[in-house]
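Just below sit the structures, each encoded as C-alpha cells.
One chain, chain A, appears in both complexes that follow, with chain B as partner in the first and chain C in the second.
Then we have the complex of A and B:
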C-alpha cells in the first residue's frame, strides 16, 4: 500500500513537471528571444538559447524612445488604480454597511464589468473625439477608472463584509465622524484586501489592449499597443516584440508573486475566498 | 475601547444616523455611480440614437431613419459569420479549458513536493497581457524561425512547413492553442481552490460504503465545487464572447475574414469602415443582449451574497 502511494506520487510529480514545461515554454521562448542577437533570432532551424546574455534589444527600445510606452502604461494604470481604489472602496462601504440600492444595484454594477469593451469604446471614442480627449492621459485614465470600478466595488464589498462591525461602532460611539470611522478604522482593517485588489486593478489596466488601441495615437501609447506596432507584413521586429513584451510581463509576474494568498480570490471576482 | 453600545440590525447594517450623517451613504456612493453611468448609460443612449440615424464615412445624416440598420443586421452575412466564429472559439476553448483545468487540479489536490511553487509558476500564462500572449504564439508558430514546426519536424522525421496563422486549415487550431494555453491555468487555480474545500470526511465515508470513484465525483465532489465552477465558466465564457486581443495579435481576423470575431468585426466596422450608425446598431444590440444575459445568470447563480 505504502509502496503504491510512493509510486503514484512519483508519477504525479513527473506529470507536474511535464505540465510545467509545456506551460512555461512559451514564456521561456519569449524571454529568450529578448536576449538573443538578430542573427540568433533569424536562424533556421531556431536555436533554443542565446549564446550569451546581451541587453542590446532593451537598450534599443530606450534609445528609440519606444520604452516611453512602458512609462505611459505605468502612469495611466497607476493613476487610474489609485482613483478607482478610493472611489470604489468608499462606494463599497456604502453597499456593504448600509445596503444602499440593495442587491439590484450591486448586480448592475458587476454586470457593467462584463459588457464587451468594443461595444462601449465605440461610442466613447466619438465622445472623446468631440471633447478632444483622444490620445490624452486623462482620457485613458478616466476610461480605466470607469472600467475597473465595478471590480473594485465588488471585491472591496466582500472584504469590508469580512470586517466585524464592532470596531466601527465603538469608534462612532467614541465620537468619531462617519468619515473618520471609514478612513481611520475600516481602511486599515481591509488594507490587505485593498492591496490585493489594487494590484489586480492595476494589472487589468496594464494589460488592456482594446481601449488603448482605440484611444491612443502616439502621445500616450501604452506598451501592449506598441507591441502590435512591430508586426509588419514583411519584416517582423522580433527583438522589439520580445523585449517590449518582457518589459510588460516582468512587473506583473513580480507583483503577483507577492500576492499568492489573494490570487484565487482576486481572479474569481471574490467567488472563492481562497 | 468601550463595548459596542449601538443597537444594530443583523446582517452587518449600521443604523443610519440623523442630521448631517443622513446623506453619508449616498455621498460616498455617488462619485462611483456617476463614473459608472459614463460607461454604463452614455454608450447605450448614444448607440441607440446613432443607430436610427444614417452616419457613414461619406455623409453625416442625423435625420431619423427608423430601423434600417437593425434590419441590415439580419441581412449582414459577415456579422453572423463573425458571431459563428466567436461561438466556435467559445464552444471549443471553454470545455477544453474546464476539462484540462479540472484534471490539473485533481493532479495537484493531494500532497506533492514543491506544490506551491508548481501552482505559482503554472498560473503565469494567465497574467500575461492577452495581446502579448498572442504575439508570443505568433513567434512560436513562425514557420521558419519558430520552435513548433521544428519539434513537429523531429517527430515526423522530415521538415514540417506548416504556415500556422496563414493556412486556413491551421489558423483555428493556432487560436485554440494560444487561448487554451493562456486560460487553462485560470480554471486550474479556481478549481483547485474549490476542490481543496470539499469535505474530506464525506468522500471517505462514501468510499468506505463502496461507492466508485466516479460516483463519488458525480454525487459529492461535483455538487460541492459547482458554485465555483459556475462562476469560473461565467467569467471565462463572457471573456470568450468578447475575444479580441489574442486573435488580433495572431491573425487580425484573417486569412480574409475567416477568424473575424464579433469584437473584431465591430472594430472594423467602426474604426476602419467608419459605419457609425451601423456600428451603433451592433453595439446597442450587444450591450442590451449581454446585460440581460449577465444579470439573469448572476441572479440565477446567486453569486451575490
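Then we have the complex of A and C:
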C-alpha cells in the first residue's frame, strides 16, 4: 500500500518534470541564443549552452539604438499604467460607493474591454493621423490608458466593494475627509488588489503589438514591434531576436518576482467572501 | 459634551420612508437609547446624527450649532459600530489613536490618552496586537476605546453588542453603563434588544416605522405604555393580550369580561375614568408577573381579582414557574412561584392584578387612559 503510493508520487513527479522541460525548453533555447556567438548559434549539431557567456548581442542592440525601444515600452507602459490606475481607482470608488450610474454602468464599462483591438485600431489610426498623434508617446500612452481603464475600474470596483463600508464611515466620523478615508483606509485595504491590477495593466501595455505596430513609425517604436524588424525576407537575425526578447521579458519577470506576494493575494482576494 | 436636538427629521431611501418627522431633545450627559424592531429607523436616525446620511428635512442641532451641512469629521462625534470597524492592518494602539492622529493631536498626548482609555477598558496588554488576534469581546473594547479616547461632544453606539454571545453581552453592557457614569458624556445608543434598552437608558426612545411611538424613562414606558406596540415590545416574557369587553354588570362597577366566565373588576378610580366606554370591546393587557398565585400576594399593593384556571403547560425557571392557561381562546402566560403548580392539568386559582393591567382600544391599538 505504502509502496504503491510512493510509486505513484514518483510517477507524477516525473510527469511534472517532463512537462516542465517541454514547455521551458523554447524559453531556455531563446535565452541561450542571446548569450551565444554567431558561430555557436548556427553550429550543427547545435550546442546546448554557450561555451562562455558573452554580451555582444546585447551590446549590439545598445550600439544600434534598438535597445531604446525597450525604454520606450517601459516609459509608455509605465506611464499609462500609473494614469489608468489613478483614474480607474477613483472611478471604481465612485461606482462602488456612490452607485454612480446604477447597476449597469460598470458592466457597460467592462464591455468596452471586450472589443477586439483589431476592430478599432484602423478607425483610431485615422483619428490619430488627423490629430497628428501617430508615432508620439502621448498617443500610445493615451491609447493604452483608455484600453486599460475598463479593466482597472472593473477590478478595483470589486476590491473596494469588499472593504466594509463601516471602516470608511468610522474614519469619516473619526476626523477624515473622503480623500483621507480613501488614502488611509481604503488604499491599505485594497493594496494587494491594487498591485495585482497594476501588474496586469502594465503587462497588457508591455505586450501589446497591434496598437504599437499601427500607431508608431520610427520615433516611439516599442520592443515587440522592434523584434519583428529582425525577421527578414532573406534571413532572420536570431541573435538580435533572442537578445531583444530577453530584454523585453526581463521587466515582467522582475515585476512578477517582486510583487508575487501581492499578486497571489490580490488575485485570490474577493474570491471567497468573508 | 453637549446636548442634542432633532427637529422634524425626515429621511427616505427611494420609496422607503425610514424616518418620518422625528423630534427629540437629549439633555447633556443623558444616556438615550433608540430602540425598536428592525426597520423602525433607529439606525438611520443615528446615522443622520453622525452625518453619515443627509437628512431630507429637519434640523440636527448639537450644542448650539445646527450641523445639517457639517461634514461628519467636523461634528466632533465618536461612534462605535456594530461590526467594530477596526482597521485590520493597524494594531490596537494605532486603531485607538486613529481619530486623534486624524485631528493632529501631539504624539505625547496621544500616547497618554491611549494609555488612559486602554486602562479604563482593561486592554493595556493588547496594545501591540492586530485586531484579528483578538476575541470578539476584546475587539468591542478596542472599538469603544477608539471612541472614548477622543474628547467628542456626543457618543453614538450602533448596536455595539449584537455580535457578542449572551454572557459577553451582559458583561459589556455593564461596562458601557459604568463608562457612562465615569465619563458623564451624552450618549445615544441604538439597539433592538429591550433588555439593553431597559438597563442602560436614562431615557428610552421607542421607534416604530420611522416615528417615535413613546419616549421616557424606562420604567415609565414599561408601566405606562401608550400603545399595544410599546407594551408588547418591552418586557420578557411578553405581556398577554386578552380580548374582552368593558361591562358594568349588576351595578358591581366596571369590569372586563373575557370569554364566558371570566370577569375582572377594575379598581374604583380606573373604573370611573373608563365609565364612558362601558359596553365597548377592549383588549386586556396584563404582564405575566401580574398574574400570581394566591399565596404570594400578601403585603403587595394592587387590585387582585381571582380566577380559576387549568394550567396546561408548566415551565419552571428555578425560583419562578411559567404556567400557561387558556382564556377567551388565547394562551395566557402567568409567572407563578415554583411549586404553585406541580404538573400540567392542575386547576388553580390565580390573581389578576387589575391595578397594573392596561386596557387597549382594539381599533386604534392605543391604551385607553380614561377621560
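Assume the second predicted complex is superposed on the first by the 253 of 274 C-alpha atoms of A that agree within 3 Å, B and C clash if a C-alpha of one lies under 4 Å from a C-alpha of the other, contacts with A are read in each partner's own complex, and residues count from 1 in each chain.
Basically, a contact is a pair of C-beta atoms (placed from the backbone, for glycine too) under 8 Å apart; a residue touches a chain by one contact, two chains touch by 3 or more.
What you are looking at is a predicted structure, and each value in this text was computed from that prediction instead of being measured.
J.: If you stack the two complexes on chain A, which partner ends up touching A:166: first (chain B), second (chain C), both, or neither?
T.: Touch status of A:166: both partners.
J.: Contacts for A:16 in the overlay, against chain B (first) and chain C (second): which applies, first, second, both or neither?
T.: In the superposed model, A:16 contacts chain B only, not chain C.
J.: In this superposition, which partner touches a larger number of chain A residues, chain B or chain C?
T.: Of chain B and chain C, B contacts more residues of chain A.
J.: Applying the document's definition of touch, where does A:130 land relative to chain B and chain C: first, second, both, or neither?
T.: neither
J.: So in the superposed three-chain picture, is A:115 touching just chain B, just chain C, both, or none of them (first/second/both/neither)?
T.: So A:115 only meets chain B here.
J.: Once the structures are superposed on A, label A:176 by its partner contacts, choosing first (chain B), second (chain C), both or neither.
T.: Only chain C; A:176 stays clear of chain B.
J.: Examine A:188 and indicate which partner it touches, taking first as chain B and second as chain C; both and neither are also allowed.
T.: So A:188 only meets chain C here.
J.: Check chain A for residues that touch chain B in one structure and chain C in the other, and list them.
T.: Chain A residues touching both partners: 166, 169-170, 172-174.
J.: What part of chain A is in contact with chain C in the complex they form?
T.: Residues 164, 166-167, 169-177, 180, 184-185, 188-189.
J.: Which residues of chain A touch chain B in their complex?
T.: That would be residues 9, 12-13, 15-16, 19-20, 23-24, 26-27, 29-30, 33, 41-46, 48, 87-88, 90-91, 93-101, 103, 106-112, 114-120, 122-127, 142-143, 145-147, 149-150, 153, 158, 161, 165-166, 168-170, 172-174, 178-179, 182, 203, 206-210, 214, 224, 227-228, 231, 238, 241-242, 245, 248-249, 252-253, 256-257, 260, 263-264, 267-269, 271-272, 274 of chain A.
J.: Would you pull the chain B residues touching chain A in the complex into a rising list?
T.: Interface residues on the chain B side: 1-6, 8, 11-14, 16-17, 21, 24-26, 28-29, 31-33, 35-36, 38-40, 42-43, 46-47, 50, 104, 107-108, 110-113, 116, 118-133, 135-140, 144-147, 150, 153, 181, 184-186, 189-190, 193-194, 227-228, 231-232, 235, 238, 241-242, 244-245, 248-249, 262-263, 266-267, 270-271, 276, 279-280, 282-283, 286-287, 290-291, 294-295, 298-299, 303-305.
J.: Considering the complex alone, what residue numbers of chain C touch chain A?
T.: Going through chain C, the ones touching chain A are 50-52, 71-73, 75, 77-79, 81-83, 85, 87-89, 98-99, 102-103, 146, 150, 156.
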